[in-house]
Amino acid sequence: MAAVSGGTMTDSVLAIKNLKIFSNENDAVIVDGIDIDIKNGESLGIVGESGSGKTLTLRSLIGLIPEGVHISFDDKTDNDKIAMIFQNPVKALDPLYPVVKQLREVYLAHHGALDAHAGRKSIGDRFMRLLAGEGAKNAVGRKKSGKEAECDKWIKSIMQRLSLPEGLLEEDRYPRSLSGGQCQRIGIAMALACEPEVLLCDEPTTALDVTVQKQTVELIKELQSEYGFAIVFVTHNLAVASEMCDRIMVLKNGRIVEEGKTSELLKDPKDSYTKMLVDSVLTVPERN
Amino acid sequence: MKKLLKKLRHSTLYIGLIMLLLLVIAAIAAPYICSYDPISQDLYATLKAPGTSEHILGTDQLGRDMLSRLLYAARTDLAVMVLAEIVPFISGIFIGMLSGYFGGRTEWIISLVTDTFIAFPYYLLVIVVAFMTGAGIHGIFITFMIVGWLVYARVAKPLTASMKNSEWVQAAKLMGYSDFRIIVREIFPNVLPQAVVVLMTDMAALLVAIVTLGYLGIGITAPTPDWGSMISEGQTLIGTAPYLSLLPGLMVVYTGISLSLIGDGLADRWR
Amino acid sequence: MSKLLELKNIYASYAGAKVLEDVSIAIENNEILGLVGESGSGKSTTAKVVTGLLKPDSGSVVFNGRELKGKRDKDICRRIQMVFQNPEGSLNPKHKIGEILYDAMHFHFRDMSRDEIESKCLSLIKRMELPQDTLSRYPKSFSGGQKQRIALARALCVEPELLIADEPTSSLDVSVQLNMLELIKELKEERGLGILFISHDLGVINYLCDNVAVMKKGRLVEMQSKERFFRHPETDYGKELLDSVAEMKK
């Protein structure tokens, strides 16, 4: 197991020492003592095949631990400002609400302005407020609060930045009527709404078409240099990791097999498993 | 504690099976276990309470031995329950599979039939059949054959429809297998487990129906012992000799619980 | 000499929507044709038309010079086989592997004795590098990679002439993928198969295929030998696809 790269835990934006993940069923060890230390603005790639524990490790960093599993660790540098984007972009969004509405909700929740007024205006909601003596006019149409106006402005600019169709602002649509790439960009917008210091990415391009994958990776890199957040990028694809990350950590069966700077790791892999992964990447010949 | 509850959950199947097995063995071995004949009357030994005489479970108002009546009634009731299920079970699954596999017009026609038959109230139908053909076991069989298959068709159809597009069915088609062969040899083994789970609860419900009809006097008729008619005969003496109605009632509950446990246990296992 | 398989001007639709428009493709004996495209390109639908699982609206499917119309007979079915993308769904969970292979061979080779079939099953399992006890086990006891090799065994046990492989390695781990591709290459040489290999991964296509056909939105946009395609794609879309391949920056 490789040592953690220099610097103390205190200038990390997110770190965990000796992370272990167990299955609830027979206390089987899924992840056996991993150290992760992410510094401000860096990109760490976590590469592994199925069963390596990479996704569970990522989820442990943000506390999204699934049922049937429990974790333990020695030390953790926590951070409120973490956001995550997921592998299946369409399924990562609530299918019952249109996308801009969901985005608005995330923005307002993060900025502490989410309450019955800003949230979902259900019939039950309105009825309750009528009973509370607010009067029909108040329950149905009000002037927007300051935060809401800010939110609208922000949404307009982020949708432009992410090349999402302007038409969504007038006519909001459901996740299922958008493409995978578009849903992933909504997911990215939601992540940005939280002003993250760390962006966790769980194989966000695997389910996308090849041409869209490239656009998405480029977009994330651009946003990283604009906003300055750190990235933890989980993938099984070494080539994508090499495009995205300055540091790569190779996982196998819940253990770190090798860790180091991308260029060094790929040029001169020390572990045989890493070497196997590097050799298994099928390349495309040079073009004229 | 957690582990104990887990073990208990896993053993529902075995508890149910053991319970049912005990009953079935007792019923089959009735002629050898019972020292008395279920229909012979002994007017010198009427209404003996359980445990007070040589009759372990007592006698009824005609001096007939309760234990042998209960066990012989088990033979009748359980046999009818199982036999009546055979045709509806097989035909229901088959009809459901046809509907799910072919879709289109076949599904439309079968759905029409299913929706029509679902509207038939079972008990009313049995009474009508009983009036037309006279009381007796055949009424139960006929009625159940008319409506019993519906539950199984309803289980088989969506299962089959979802399997139709799976790769292993496509592979079977590519192999050149006929539709009939695919339905029977590929799809049926995957539908059977769910159907069996439904069978358990369906049998419990059918048993209650058989017993109710016996109680009403239009199902299994005297002199054949039947839990339902035993309950009805014991009704008038419920104050003084409650065991006359209680014991057959408990038998029904016991059987129902054992079938339910088996059904639950199987469902858990095959999830 | 006629080609192994030809699709001529195929138009096809699925659930009311047009999926294939004027698609014409040819595969020779002993050739691996790679079919590339993104989602919605129609590559899986093309596979369905070739195998007969989907009837085209117009156009013809010609196999060894004979047009295939209507329901295909047993022998034609045997000669065109397929391996699917999802290893979890490829095998009937209620059948043992031995049953699956035996039934298929017995169905097509009526005059083969039981012993002959059994020994062929065993040698096939061995060739696929599967464990010795494979035939007596159920599918759920195997890994994804093993399931795919079993699916391949099933496809090959009836001695087909044309094999359609629909993204057979996409759901597999990288370490297992290369193994499977090598196996496919070897088997093609051994048996003189024609293979239609569908994939979205250009690295895999480059490794395995002799020729490349590119599909976009239900149309065939480019068809070339592998060498020409990768060095000098003709269409803009072909160039776009090649540009999107993630490269390992060493």
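Note that the chains take the letters A, B and C in the order they are written out, and that residue 1 is the start of every chain.
Going forward, a contact is a pair of C-beta atoms (placed from the backbone, for glycine too) under 8 Å apart; a residue touches a chain by one contact, two chains touch by 3 or more.
This structure is a prediction, so every number in the text was calculated from the model and none was measured.
Set side by side, the interfaces B-C and A-C show unequal numbers of C-beta pairs in contact, with more at A-C. Distance from subunit C peaks, on a Cα-centroid basis, for B. Averaged C-alpha coordinates give centres for subunit A and subunit B that are 54 Å from one another. Centre-to-centre, using mean CA coordinates, subunit B is 49 Å away from subunit C.
Mean C-alpha positions place subunit A and subunit C at a centre distance of 35 Å. The touching residues of subunit C, counted against subunit A in their complex, run 38-39, 144, 173-175, 177-178, 200-204, 206-207, 230-233, 240-250.
Note for the complex: subunit A touches subunit C at residues 49-50, 180, 209-214, 217, 236-240, 242-243, 262-263, 266-267, 276-278, 280-288. Across the interface of their complex, subunit B is touched by residues 51-53, 72-74, 77-78, 80-82, 84, 86, 89-95, 103-104, 107-108, 151, 154, 158 of subunit C. Taken together, the subunit B residues at the contact with subunit C in this complex read 166-168, 170-177, 185-186, 189-190.
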